[in-house]
Amino acid sequence: MARNGKRVLAWLPPMAPSVVLLGLFVVGPIAWCLYAAFTNTALTGIAARRPQFVGLDNFKNLFTSADVGASLWLTVLFVLGSAVVGQNGAGMLLAVFMQRRSRVLRGIVGTIVVAAWVLPEVVAAFAVYAFLNTNGTLNEVLGALGLGGQNWLYTAPLFAVVLANIWRGTAFSMLVYQAALSEVPSDLTEAAEVDGAGPVRRFWHVVLPVIRRTVVTNLMLITLQTLGVFALIFVLTAGGPDNKTRTLPLLMYEQAFKFGQIGYGTAIAVVLLALGAVFSLVYIRSLKTEV
Amino acid sequence: MRLSIVVNLVLAFVALLFLAPLLWLVTASFDARAGFAAKLPEQFTLSNFGAVLTWDVGGRPLLNGLLISGGAAVVTVVVAVLAAYPLSRYQLRFRRPFLYTILFTTGLPVTAIMVPVYGLFVRLNLIDSLAGTMLFMAATSLPMAIWMTKNFMDGVPVSLEEAAWVDGASPMQALRRIVLPLMLPGVAVVAIFNFIAAWGNFFVPFVLLLDPAKQPASVNIFSFFGEHGMVAYGQLAAYSIVYTTPVIGLYLLVSRALGGGFTMSGAVKA
Amino acid sequence: MLLRTVTTGLTVVALGLTAAACGAPATDSKTIRVVYRNYSDFPQMDDFMKVVKKEFEAANPGLTAQLNPITSLDSDYLAKVQLMQRSPSTAPDVLFEDSYNVNADAAAGYLLPLDDQLKNWPDWNEQFIDATKQAGRATDGKTYAVPMGTDTRGIWFNKTVFAKAGLPTDWHPTSWDEVLAAARKIKQSQPDVEPMYMPLGKPSTEAVSMQTLEMLLYGTDTKDLYSESDKKWVAPSKGMNDALHFVSTAMTEHLAQTAAEAEDTQFAATQMTTRMSKDKIGFMIDGGWYARYWAPGGVSPWPEWTKTMGTTAFPTQHGQAPGKVTLSGGWTLAVGGSTGNAEAAFKFLTVALNKKNSTDIDVNCSWLPVRKDVRADPRLAEKDPTVPFWSDLVSITRYRPTLPEYPQVSNAMQVAADSVVNGGDPDQATRKWVEDVQKVVGADKTRNG
């Protein structure tokens, strides 16, 4: 008992500030949201004055609404396309290719990729808009090459926002993988090289197993970061055309702030939270299975 | 050797792809009648920069942004290092559940919790307070910061501290004198990571601060948007460049100080 | 265990703090907080409020007006103001409020009914134009806000394009068919010109409901979106179906902007005003405020616009009386429901909207006057010669039924229009709209029309 008590005293003081800050500013508000999801709390109108407990009504509406189903599916596609495949793949590719390059080249390429990442979200969104719109840079280049351009934001809106998020977020994965690759013992790859394994096989059979845990963790982090993306999509397409890019954060914003339906909006946020948890559990499970 | 050339070409191509969207920012900022196409300005002008480089537009909001983001980054780092120590060094049963739970919360866009947070700030009398806003931003970036810091700390061998304990140093003294200096690059990475996140955050300061003189650059950027969706694109582009320069500069500075590598070594592990 | 206790404890504290969001106003009653949106393209609003503050403080020694401008997009302005209103200590005393939100904010208790004070304000009784008083009146019959200015909608047409198409440069269409016929003629004679423009597509949000569908709907025999007399929303609606067919015709015959342009978030901002000046658009069904953009120093200066552009009212479907239709919105000033000094707040409002200041703000913002004595001021027409035309429409103008459910009914309209713009069937879009409306307001609160 005494030792146990001593331990408690040992961990508590250093963790207290973070527990207080997180409890007050993160966990508390989220708990409020969990409660509000069962009410008709509103920003304006009668319900703003007298919010009422409505039980599962918000969730009933949610699960019978075609809008929510569509948004949920779009969010999953957006996460898979831009984070799991896009950022993760591009980040890995860049990190692998930049290994053993000259310092100058690494510096230049790295800084350019990072520039897109440190750009404030609104600015990044406008930059991508200027790149993809009908008179944008991409179409100019395609035109100069004799290829026909198109209005990417209209004909392929989901593809456009996925592309935008890959452009903006790849730096994170790149930095993570650069670090991970630098820690792969060189004698392992050299041994494989002596055995006559080509670069692809070496990467697949030697490097990847070593950095597997980093890959899975990186996937979890970028998935969580991508789930909440709002301003990028809002500026590019506003969720259109015909709601083809209205992911859950946009739907939530629309319900909570445009219509003032905080109760319903927070119910959508709960769905988003659950989606994040599902993704994370899949990743955590895959870490546990074979270690 | 041939492979090497191919790799170089691929890298150059990818770099160009990443660079292309930034082109418009540069051309539009010098264009007197800027639209949304990246083209050489017909009417070259410096007036866009002139318009944004005033105290009210470019000066004070940037300074506010530095105060809020810098303060938030410092608070986050200090709090995260403290929290990471027991998480890294002690056998705690709640370690994994704690880390995963706080991490889950990062999947939620901050807009989702602004209604209760506003109410909370009113109650605590923190509305319109730069310090309050800074604290809130620090709190929301804590999950990632604790996660990364803990992993960095795991990379510092415990054996080094044990020697200090034998000499009678308390865990906190050991943390300050031995662990911290060894993980300084990691701390720098966490700091800059949080600084960037706070620097781009629009909704939090917009909601929590009332006085326009306290608003940071991320909010002030909307002063280029008018009624019926009209936008002053040239000024917006010029402002974007001015607004982005500090973070790029900071990144270059830190990565130079770390010996050319902005390293995430060990930050991302389960 | 302890951690859990601490966390739970903190959660409870946080919950307690947030749940009970009511306290005494923090500001003293000698200071009033004035909240308004600060636009980049007219710093006039900020300048205006500074002048009013000075005059108000000079006339009322001991009282202070604390100005609180908010720089943001429209949607964010609304979100922030509503958050501020939720907590009495940060709620505004005087608020720059879109007439669109008056009903909902009144129902929420955010606004103070002004009838008693207005009764004793001679200007209100003698000078304010009756039709514009609707802007501040809620469904309970009380007035919560005083209009600062208004706007009307109609047709802007390019005389150069019309002349080339062999259309009259003094154009007065009397039915929807005549409008479409003119568009077809322009298309035949000038294939590279977009015959017409009207707000469409997801990015145009409320403008789609108000300026496109409601302008059309109010000119049909259905007449209403919401029936005041029996307090019911009109759905199913023959008029809405006709309106969506009008949009569908314009889109399928390529008489309006393309679907891709309609869905472009920056189209209205980057292309519209310049295209008009380059004779690339025949006519547009839009608000009367474009002079501001074409003026020197505007976003798209065009000195010749006064010669090239003509204005005409938008006709009813088959020319039904009164033959033309227009809708109004506009900004108001309101007094916060939890103000600590209602008297001072109202005084501020009367200073801001007296004859001199009303004239200044209307001239500077290109708003249409809501006061008779301001309407007579020559400065308005001097700055924008089309002001008399748009002002005359005020006598027949209608306001939207901005009940608390309106934003969602309106959103359903935007969804319907958006599906038609992207090639959907107008009949199916109408049916879906009816379903959506009945879901939002309850089937018992709708009627056939």
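For clarity, chains are labelled A, B and C in written order, and residue numbers in each chain start from 1.
Basically, a contact is a pair of C-beta atoms (placed from the backbone, for glycine too) under 8 Å apart; a residue touches a chain by one contact, two chains touch by 3 or more.
In UniProt terms, the chains line up like this: A, B = Multiple sugar transport system permease protein; C = Multiple sugar transport system substrate-binding protein.
For clarity, every value in this text was computed on a predicted model and none was experimentally measured.
Undergrad: Does the chain-touch network form a line, ring, star, complete graph or other?
TA: complete
Undergrad: Name the chain pair with more contacting C-beta pairs, choosing from A-B and A-C.
TA: Top pair by contacting C-beta pairs is A-B.
Undergrad: Between chain A and chain C, what distance separates the C-alpha centroids? Give it in angstrom.
TA: So the centroids are 36 Å from each other.
Undergrad: For chain A and chain B, what's the span in angstrom between their mean Cα positions?
TA: 16
Undergrad: Pull out every residue in chain B that's touching 2 or more other chains.
TA: Within chain B, residues 35-36, 115-116, 120 contact more than one other chain.
Undergrad: Touching two or more other chains, which residues of chain A qualify?
TA: 15, 19, 24, 27-29, 32, 43, 129, 133, 257
Undergrad: Using the touch rule from the top of the page, what residues of chain C touch 2 or more other chains?
TA: 3, 14, 17-19, 79, 83, 86, 203, 266
Undergrad: Across the complex, what residues on chain C touch chain B?
TA: Counting only chain C, the residues touching chain B are 3-4, 14, 17-21, 23, 26, 38-42, 68-74, 76, 79-80, 83-84, 86-87, 89-90, 203, 266, 268-270, 287, 289, 293, 299.
Undergrad: Spell out the part of chain B that touches chain C in their complex, as residue ranges.
TA: For this pair, the touching residues of chain B are 35-36, 94, 98, 114-116, 118-120, 122-125, 127, 206-207, 210-212, 215, 219-220, 222-233.
Undergrad: Any idea which chain C residues touch chain A in the complex?
TA: Its residues touching chain A are 2-3, 6-7, 9-11, 13-15, 17-19, 75, 78-79, 82-83, 85-86, 101, 104-105, 107-110, 201-203, 205, 259-260, 262-266, 404, 407-408, 411, 415, 418-419, 421-422.
Undergrad: For chain B, which residues count as touching chain A in their complex?
TA: Spelled out, the residues of chain B in touch with chain A are 3, 7-8, 10-12, 14-15, 17-25, 28, 35-39, 78-80, 82-83, 85-87, 90, 92, 100, 102-113, 115-117, 120, 135-136, 138-140, 142-144, 146-147, 171-172, 196, 199-200, 202, 218, 221, 236-237, 240, 243-244, 247-248, 251-252, 260-270.
Undergrad: Sort out for me which residues of chain A touch chain B in the complex.
TA: Touch list, chain A to chain B: 7, 10-11, 14-15, 17-19, 21-22, 24-30, 32-33, 36, 41, 43, 90, 93-94, 97-98, 101, 103, 105, 107-123, 126-131, 133, 135-138, 140-141, 167, 170, 175-176, 178-180, 182-183, 199, 213-214, 216-218, 220-221, 223-225, 227-231, 249, 252-253, 256-257, 262, 265-266, 269, 272-273, 275-277, 279-280, 284, 287.
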